[in-house]
Structures are given as structure tokens and as C-alpha cells.
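Have a look at the structure below before the remarks.
For reference, chains read A, B, C, D, E and F in written order, and residue numbers begin at 1 within each chain.
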Amino acid sequence: MSWLPTLKTNTPEEGYELAIKLSRMAVKLTQPDDEARARMRPDYANSADSLTSVSHVVATNFQTVAQANDFWR
Amino acid sequence: MSWLPTLKTNTPEEGYELAIKLSRMAVKLTQPDDEARARMRPDYANSADSLTSVSHVVATNFQTVAQANDFWR
Amino acid sequence: MSWLPTLKTNTPEEGYELAIKLSRMAVKLTQPDDEARARMRPDYANSADSLTSVSHVVATNFQTVAQANDFWR
Amino acid sequence: MSWLPTLKTNTPEEGYELAIKLSRMAVKLTQPDDEARARMRPDYANSADSLTSVSHVVATNFQTVAQANDFWR
Amino acid sequence: MSWLPTLKTNTPEEGYELAIKLSRMAVKLTQPDDEARARMRPDYANSADSLTSVSHVVATNFQTVAQANDFWR
Amino acid sequence: MSWLPTLKTNTPEEGYELAIKLSRMAVKLTQPDDEARARMRPDYANSADSLTSVSHVVATNFQTVAQANDFWR
């Protein structure tokens, strides 16, 4: 089963969750070692600037997902 | 009740507020600890570059919200 | 009266001014203390990289405003 | 006379020049002191990362200008 | 045979893989030395902020690929 | 002869090359001194984060070029 079968979601909230998944997947594919990623978590989870950067990636992906769902209009 | 039932807003100003909410939600979902986020507040609220980064995220989300509302035309 | 009654402007130049206003409003809403913002001004106004970042936010907002005005065609 | 009477240009190259102008104008409006801007020039003109950031802003503005001109098709 | 014969993919997941390929190609064309790139890998693969930046590039390219495939609707 | 006569290209790969050209041109126009740019090359060609930033600019320009070519559909 694909991790990304479709960009369609039932609601905007589910679309936002998909945007987060898309944002994390690039990280996972670049650094597949689960432990290495876990070790970095305190770094970004406690840095305001890191969290803002994460939010920017989510915003870019959410725009794509929202367009794919015709903004759930 | 969903925190994001729709991307539709009545006015551009409400759309801007929704863009801010979208920007903050990614931070909250990445760092769910309220106290940890509160502790970081002075870091970004007193740094010009941090505030500019926050504004960039809001700008990206506002573009999505504006498109969803056909720019309130 | 709303600070953002509409995304429509009469001219591209006014649209650019609105993009600057949109860029500043996120900063203001995140750091509402006027004095704190004034204190930071020398930081970014004298840093080439900070000014480039400001310009990037304006560019993103200007794209939204330009789309909202059908590029003033 | 407005510094931005229109987003229309005759050619893609003129559109690119307009994108540079748009990128610089936000800097100028944020730091209106000509001397202060001149003083910063060596900072970014000799930093690869600064130049890349400048190029990113131009790319965002060029996308807007290209859309406004229907990509000069 | 071109490394980029088309932006069309059969599925969103393949589209995401293409977005990663597009993101890496700019790096490869700027730094063609395979060993130099391999040497840098630990730098970004163990830095949360570097991985977030990588994810942002992928997000931008994924938006393009998704648009090219009409969001696989 | 213009360095940018058109945004049209025959193939996606040529479109990607044009995106790289667009990304470099802003750097060249901001720092026209060939030697100064050559001196900076080792800085960004050996920094993972610098290369990621370059790739982001290319991604933004590639989106514009792809739109201009109706995604080579």
C-alpha cells in the first residue's frame, strides 16, 4: 500500500495532516535512520526558529493539498 | 469540532487571522508542550529575523486562504 | 474599520504598499509591543540579509495581492 | 510618475529586470537611507549565501511578473 | 535518454519521488563532484534544520509536479 | 541578442536548465565581478546548506518555467 495513494482528503483538517505527513516524508527519505531522527528531535522541538521553518514547509505542502481538493469548496 | 472546519472566511481580515492560526498549528503539533512553547516566546518575539520568518509563513498560508476565498472578490 | 477591508487596489504601486502592510501586520500581531519592535529596528535595517528576508516576505504577499487584482490587467 | 505603473513588460528579459526592481524596492522602503544601503553592499555582494537569498526573492517576484504577462506566450 | 523526460507520473507517490529527484539535481549540477557531495552528507543528514530545508525544496518541487499531473485527480 | 528571449523550451530538461540560468542571473546582476563570484564558489559548493538554498531557488524558477510551458503536457 502506498504511503501517498491520493492528495484528496475529506476535510481541510485531514488535508493539513497530510501536509504534515508530506513534510516529514522528505526528512525520513533523506535520513532513514529512525534513531538519528529521534536524537535530533530536542534540537528543533525547542528552537523557535526551527519550529517556524517546519511550519513554513507545512504551509507550502498545505497549499498543494488545498489546491488538489479545490480548497474543499 | 474541528479546529479547521473550512478555509472560507467572511472577510480578508478573518482570512488573515486564519493564516496565523494555520501557521501556529504546525508549531503546536510539532511541539505540543504548552510550557515549552511559552518558554521560547521571548526568543522569537524579540528577534527581528525570527519575526520576519514568522511573517513569511503567514504570507504563504494567507495566499492559500485568499485563493480559497477567490480573493474575496 | 478593518485594517484589511479588501485586497483590491487601484494601482500596482498601491498593491505593493498593501503587500508591505500585510508583511508588517504578522510581525505586529506576534510582537504587539510597539517599543519592542522599535528597539529591533536597527538590527534588521542595517543587516543586508535581514532586509533580503523582509523583501522575500513582501514578494510573497505581493504575489497574492497581484493575483487578487488580476495583475491590474 | 509611479515607480510601478504596470506589471506588463514587452519581453521576458524586461520582466526579469522588473522582478529585480520589485526585490530592491522593499529593501529601499525598509531602509530609505541611501548611505546605509551602500555601506551594506560589500556584505551581501561577497557572500554566496546572501546572493542566493537575493536570487530567491527575484525568483518569487519573477513568477508574479511572468504570470502577469501570461508568460509572454 | 533525458533524466527528465516528463513531469507526468502514474501516482502521487511517484510524483513525490520525482520532486526529490528534481531537488537533488540542482545540487548535483552545482557540485558535480560525487565525493564532495558524499563528504557533506553527514552534515545535513544529522542536522534538523538542514533536513527541514531539504524538505522545503521538495515541497516546492512537489507543488510543480502535482500541478503538472492535475493533482492526479 | 537577449539572454532570455522566451520562457518556452522544447523539453522539461531544457526547462530545468533555464531555471538554473534564471537563478544564476540574479547573482550575476547583483555581483557582476566574475572574479568575485569565482572566489565564492568553494564556499557554497562545499556547504550542504548552501547547496540546498541554491536548489530552492532553482525549484521556484522551475515552477515558473513549467507553468510557462503548460508543464510540457
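Following the convention adopted for this analysis, a residue touches a chain if its C-beta (ideal position, glycine included) is under 8 Å from a C-beta of that chain, and two chains touch if they have at least 3 such contacts.
Because the structure is a prediction, the values reported are computed rather than measured.
Shared contact partners of chain C and chain E are absent; no chain touches both. Set against the C-alpha centre of chain D, every other chain centre is closer than that of A. Between chain C and chain D, two chains of identical sequence, the interface residue sets overlap only in part, with shared numbers making up under half of the total. Seen as a C-alpha superposition, chain B sits on chain D after a turn of 120°, to the nearest 5. Taking each chain's centre as the average of its CA atoms, chain A and chain F sit 27 Å apart.
Averaging C-alpha coordinates per chain places the centre of chain E 15 Å away from that of chain F.
In chain F, 44, 49, 53-54, 56, 60, 63, 67 are the positions where the chain touches two or more neighbouring chains simultaneously. Viewed as a contact network, the protein chains form a single closed ring in which every chain touches exactly two others.
Following the touch contacts around the ring from chain C toward chain D yields the chain order C, D, F, E, A, B. Chain contact summary for the complex, chain B toward chain C: residues 11-13, 16, 20, 44-49, 51-56, 58-60, 62-63, 66-67, 71-73. For chain A in complex with chain E, the touching residues are 2-8, 22-27, 29-31, 36, 40-41, 43-44, 49-50, 53-54, 56-57, 60-61, 63-64, 67-68.
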